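Below you'll find a set of structures to go through.
Both of the next two complexes hold chain A, though its partner changes from chain B to chain C.
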Partner chain A sequence: MGDVIATNQTILVVGGGISGISAAIEAAECGKQVILLEKSPSLGGRVSQLHKYFPKLCFPSCGIEINLRRIKANKNLRVITMAEVAKVTGDAGNYSVEVKIAPRFVNEKCTACGDCSNAVESEFDDEFNYGLKQRKGAYLVSNMAYPQRYVIDPRMIGSEDANKAKDACKVGAIDLQMQEESLTINVGAIIWATGWKPYDAKKIQPYGYDRFANVVTNVEFERMADAFGPTGGKILRPSDGKEAKNIAFIQCAGSRDENHLKHCSRICCMASLKQTTYVSEREGKSTVYYIDIRAIDRIDDFYQKVQADENVSFIKSKVANIIEDKDGNPILKGVDTEGYNRYENQHDLVVLATGMEPSIPADAFPMDIKINEEGFIEADESNGAIFAAGCSSDALDVNRAVQQATGAALRAIQVVNKVAGMEG
Partner chain B sequence: MSEAEMKIGAYLCKGCGIGERLDMSAIAMITEREAKAHIVKEHDFLCGEEGVSLIQNDIDNEGVNRVAIGGCSRRAKTEAFTFGDIPVTRANWREGVIWIRPDTDEARETTNDMAADYIRMAVAEVKFMHKPEPNEERATNNRLLVVGGGISGMTAAVEASKAGYPVTIVEKTGALGGIAAQLHKRVPEKSPFAEPVDTGVAELIAAIDADKNIEVCLNSTLAKTDGAPGRFEVTVATESGSTEEKTFGAIVQASGFTPYDANKLPELGYGKSADVITQLELEKLVNDGAGDIIKRPSDGKQVSSVAFVQCAGQRSDKEGHLPYCSGHCCTTSIKQALYFKQSNPGIDTNIIYTDLRTPGAGGEDFYRSGQDKGVTFTKGNVSEVSSEGDSLAVKFKDLILNEDAQENVDLVVLATGMVPNSGPNIDSELTEEEKNAEEKPISILNLNYRQGSDMPQLKHGFNDSHFICFPYETRRTGIYTSGPVRRPMDIFQAKEDATGAALKGIQAIENAALGRAAHPRSGDLSFPSFQKSGCTQCKRCTVECPFGAIDEDEQRYPQFNEARCRRCGTCMGACPVRVISFKNYSVDSVGQQIKNVEMPDEFDEKPRILLLACENDAYPALDMAGMNRIEYSAFIRIIPVRCLGSVNLIWITDALNSGFDGVMLMGCKKGENYQCHFVKGSELAQIRTSKVDDTLQSLSLEPERVETHEVAITDIERIPQLINDMAATIERIGMSPFKF
Partner chain C sequence: MSNGNTALAEKYRNNFLQEVIANVEEGEWVRMCMQCGVCAGSCPLGNAWAHTPQEIFMMIRAGKREEVLTSDSMWMCTSCYNCIVRCPRKLPITHIMHGLAHYAERMGLAPKNQPTRKFALEFWKNLTKTGRVNETSLGVKLYFIDGFVSGIKKGLAALPLGLRMFKTKRLDPMAMISSSGCKGKGDIHKILAKAKAIEDAKFQSKNA
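Here is the complex of A and B:
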């Protein structure tokens, strides 16, 4: 890795998902020096794993393509992947940030030709597909991966396969001796955009995510709908590979629940409504079990459109529990609160609309920062020049996350402009 | 630059298997002798340090001022192959040739043909690319104009000022504050999200008063807005009739909303009983009672029971109702129920809703706070509110008990929605209702643009454009809408939105100063130039520009406002006499690529199909087809275009005339859920190509020879299929008779 030049007029953005990318590029396009850190080998974050966006049903990779082009064209912006912040010290206008960079074992010579991947045999769970399929030990994260550079899985290091990968590379891009690097950079302001992770569905015991093969989460379902995902774009039951035609969506799975996440994750209603369109496109039927349908503000018309689809039905109910019949069909039990009728409904597949949990646990932030009870960063004077962007600040949809990240870019610019003003 | 001064270096990469798959010596000879590159060099690993310095050295020491690279896609190794402002073209041999063709003896010849054509095209293109010259339109005014002095406008002003930019707020009324100033309190935006809190309006006004960097024009409106980013010339008119000219770098439109007219809801008792009021009227009632004792309007009796009717005239397809949800009303009703609970916990407060929408961490906590304090929440549909003796009867269908129910209360609060103050809809005629209305929509900006006085609207009267990835992607560069004029929102969101809009305004100011494009072609220094001599004043460019960048001068010639331009090239595509071009993208830069494809004769059985592919969606999808080794016909020749809107019909007719057997166009989805980031480009291209039939007829060619497709970036398998289908069609209908 080349020299990283940063000063107290530099803005550091932590997290390379849609919020971090947006904050970084918006600030850089105002002429500011920006460093963007991403923990994983590639930019894009959670949205890159989505099949479509609501409400336009367009594809996230389209917006990512534009943003990547903006990044490639901007000299003010430096992207560092596989990097995590270990510690932040200092004050607004003058922070010292300790960064740890994990070894990728592939240097910048990589042309992404794929020879290393072809040479190796070992396979691991594919994180990009939430472990629903395997990938090679030498791999490119996705079709849209940026930097477009392969990665060697650290678990392969020391094996015969690792040497095969190295030998296959004609340009000397594989460096099996690569070590973790440390870097200390001086910056003026920090935008924290580490985003969210899906709530651990195993914790919702009555729904049996860890016991029943045909209970999946909404994020996994997105991968199933993708033509390059684990099922080639078909909605197949994990238990027997049969096409699922009668699908249940359980809203607020682990959200709005004092035993799990007490907040509403905002996006899950719209996400499920969107996912019913995947089912209808494939001539299946959807049943949405919900408490309130939160298709907020202007995009309520999407809800109205889905309601008009005869293949989609709605049941107002918090599902009590799920059992499985002998054929592996999940059976949902509960009470339909509109009229108080008990039900026991059989489905082919259940999709849990699990919510958003902040990626960083409240006690694991490498700096002093004000966190609310839900674990999100709260704007506060005591945070100095550390500003949350996107889902680090609240459960937000993509539009609001980008909007909020754009605002965070301005807050950071205010600080570095002040520094510049004082230094002349 | 003359031919003599032009020195083209062509660099042929043999890495990634290219050298093994292609006949490099033959291709190098073609590059030199046919394409006429001045320097031709081969390298085993061109993107490596040595390869890049080889090119840089030729630029520095050999006078190379044009670079054509044969190797990987232009989407790969972009940073390595950027050499300052030297024009660079890329022949996509990797993703576009060797990865999509089988490695067989049979395929070898056609694969080589493909690669040879791509380097011919790359050299031809770079000959017609020039360094963008500094834009004369650069202007450096850095003052931000904020239209509207409500929460959104005040926030935008304060935040921009904090970053060092001077601001002027133009407010229609006699005071700052907007509708938020009428509120008693607001929903909390920080934990513990339990009680209503101060609105913060006074604090914002005080900050503005104390800020010398912020100028406030009250009782003022915009009589005229002219110019472009960096040099908006604005006439500010005061109520008294005086006007003043001011110059601004960028504009934030925060014109807010008007509360929905509850008189349209007689079935809910509004206008019939003084005790049926809107949420906003309740705020006044509470303020009048100093927040302590809330008395009902009809007789001053202390309110002991109140019902809140959610979604009043909203989320409804009834005529005159709002089809959308206003987003804030659920938490607003909870806040208002807490006003009553705070004055006396014994007051019955019932919120009747269909879906309670309290998202995020704060929303759900606040909902629970309402529940904890005894606010009742009833899932129901209210059908009627009427006076009954001393009280109001609220009739509703209880959706939980599934039965009709009635509740008698002292006061009914209707949660009516927000109607955006977005001005007239420039894209449509006035509706009958609007024509008959006493008050017609008043222009907010009075833009002196060829394409209309205000920001285009997208849906339900809201000003917006793309509303997922790029919430501030407006269709008028340098003008950003913010707050409820964009989508319904509460105070907290309006402040967040205004901060983002202020940043975009600042960015527009910085871009204008450097003559740089805004996204999606961020940083592009090129701009459209036109030759007046050939122009026929047909006005197609001025009408079709998706961004209203082109006006007409006194002599009715197009007048380009470069700083408004987004460099999509739609004007270039529209021009029937081809007098519009960019330094680095022109009718020639694409046309010459088409002409330089080697055309085998009719009996060679090697058809040629031209594909003009949108660079944002179709072209990346084709690259990804390559990455996944999805094969497609070797007869295709692909040219990326900035937008399908930039496709000039001459390219299609020239291609057909020169013997191409088929022409394909691929662009983004159009219509209501359009995915074109130049908004209209894809749509306009489809309209234009519908006229290709005449050309085909005059040439006696089959209509199947020209196809336009809407594609997405994810059509990684579909696009190769479409190409193969076209190849099959050509095989069926036969070769073009126009080979020479």
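Here is the complex of A and C:
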């Protein structure tokens, strides 16, 4: 790495998801020097794991491609993957940031031919597919991965397989001696875009996510609908591999709940409405169990379209609990609010519309920052020139996250412009 | 109490929710209910009640005073706390149900022949008499709760069990009369009378 040039007029963006990418590109295209750090081996974040966006139902790969082209074309933007911020010290206009870079074991000579992957046998849970399938120990994160460069799983280092991978590489791109690197960079402003993670569905005990194979989360369902996903785009029951035709969606699974996440995660209503279209496309039936559907503005049109679909029905009720029959069918129990009717409904598959929580636990930030009750970053003067972008600031959909990130970029630009003014 | 009932019904006319908030233990929580229905679905006795907790809360907001206070629902609560554990808004539902039962009793509107209500009154009477529950006499009362004939029938059916308990000294018929009670029986009566006076005064001043 070594030659990262940064000054107090540089903007650091932490997190290479859609918010971080947007903020970094906006700032770089304004002529600012930007360094974009990403913890995982590829940019793209959670958005790259989606099958489709709502409400237009277009594919995120398209938007990512446009963004990647902008990144590649911009000389002001430097991307560093597998990098994590260890510590931030200093003040607005003059921060010192300690960065740890994990070894990738593959250098820039990699042509992404895939020979290393073919040569190895060890397999691990595929993070990109939420562990729904296995991937090789030498792998490319996804088809859209940027940089298009393979990674060697550190758990494979020291094994026979690691040597096989090295021997298979024709261009000498694999370096098994690679070590963790430390880097200290000076920057003027920091855009914090570490995003969100899905709420741990195991914690919602009555829904039995950890006990019943046919209870999945909305992010997993998104991968199942994807042609490059674990099921090749078919919606199959994890228990027996049969096609699921009668699917239940449970809203507010963990959100708006004092026992779990207090906040409304905002995206889950629309995510489930979107996912009912995947089911209808495959000639299945959807039932949405909800407290209330929160679709506002232009996405209300989408809600009305879904309501008109005869394959989708709505039950106003928060499901009390799930049991499983002897064939592995989940049975949903509860009482509806429109008539107080008690129900016990059998479905093929249950999708929990789990909400968003901040990726970084409140006590794990490498700097002083104001955090609200829900663990999101609060805009506050005491944060200096550290600005939250996207889902590290609140539960947001892609549209709002990008708008918010653009705002954060402007804040950061104001700071480095002031520095430039003083330095002359 | 029925006069008090009329007065209160008049005072809070068309605003039963305010009446519940002012007078029912934990009643202020009722307005926090978002009608998700998890309590209703989680209640192990749910299908045995006239109204689920969620429905009771909606009825309170809708001003259905008579229907709520005469309902058997709050008397059916077994305090399993499943609803409290699962309520996404952390309403103390079990306590609200007991608070409503207590208020219905105070208003003289509680369903007279509701068995759990009858048992609760017997239990209270038995306990406060000597400061200690006399299990034998309470048990006998429970046998005869539905009348003399059914009591004898139930007693005969349980006779073999009773005899075995007697043999192993688990049942002492004499305890029915020679109940030991606790030492400061008089003091307990004073304490309870004082507590009732305080509670009544509080209720009076709130509704003056």
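Keep in mind that, in the parts below, the second predicted complex is superposed on the first by the 423 of 424 C-alpha atoms of A that agree within 3 Å, B and C clash if a C-alpha of one lies under 4 Å from a C-alpha of the other, contacts with A are read in each partner's own complex, and residues count from 1 in each chain.
By our rule, a contact is a pair of C-beta atoms (placed from the backbone, for glycine too) under 8 Å apart; a residue touches a chain by one contact, two chains touch by 3 or more.
Small disclaimer: the values here were computed from a predicted structure and weren't measured.
Q: Examine A:256 and indicate which partner it touches, taking first as chain B and second as chain C; both and neither are also allowed.
A: both
Q: Once the structures are superposed on A, label A:206 by its partner contacts, choosing first (chain B), second (chain C), both or neither.
A: Second partner only, chain C.
Q: Which chain, chain B or chain C, ends up touching more residues of chain A in the combined arrangement?
A: Counting contacted residues of chain A, the larger count belongs to B.
Q: After superposition on the shared chain, which partner residues are touched by A:403: those of chain B (first), chain C (second), both, or neither?
A: In the superposition, A:403 touches chain B alone.
Q: Output check: A:112 vs chain B and chain C. Expected answer is one of first, second, both, neither. What do you get?
A: Only chain B; A:112 stays clear of chain C.
Q: Once chain A of both complexes is superposed, is A:340 in touch with chain B (first), chain C (second), both, or neither?
A: Both: A:340 reaches chain B and chain C.
Q: In the overlay, answer first, second, both or neither for which of chain B and chain C A:321 touches.
A: A:321 contacts chain C only, not chain B.
Q: Looking at chain A, which of its residues have contacts with both chain B and chain C?
A: The overlap between the chain B and chain C interfaces on chain A comprises residues 256, 337, 340.
Q: What part of chain B is in contact with chain A in the complex they form?
A: 15-17, 45, 47-48, 72, 76-79, 94, 159-160, 162-164, 190-192, 315, 317, 323-327, 355-365, 368, 379, 399-402, 459-460, 462, 467-472, 487-489, 493, 496-500, 502-504, 506-507, 510-511, 518-520, 522-523, 616-617, 620, 624, 627-628, 668-669, 673, 675, 677, 712-714, 716-717
Q: Please give the residue numbers of chain A that touch chain B in the complex, ascending.
A: Residue positions touching the partner: 18, 25-26, 29-31, 53, 55-63, 65-67, 69-70, 72-74, 109, 111-114, 140, 143-144, 148, 170-171, 226-228, 256, 262-266, 292-298, 300-301, 304, 316, 337-340, 372-374, 376, 378-380, 394-396, 398-400, 402-407, 409-411, 413-414, 417-418, 421.
Q: Report the residues of chain A in contact with chain C in the complex, numbered from low to high.
A: Residues 206, 252, 256-260, 291, 317-321, 333-337, 340, 342.
Q: Quick check: in the complex, which residue numbers of chain C touch chain A?
A: Contact set of chain C toward chain A: 34-38, 40-42, 46-47, 51-52, 54-55, 85-90.
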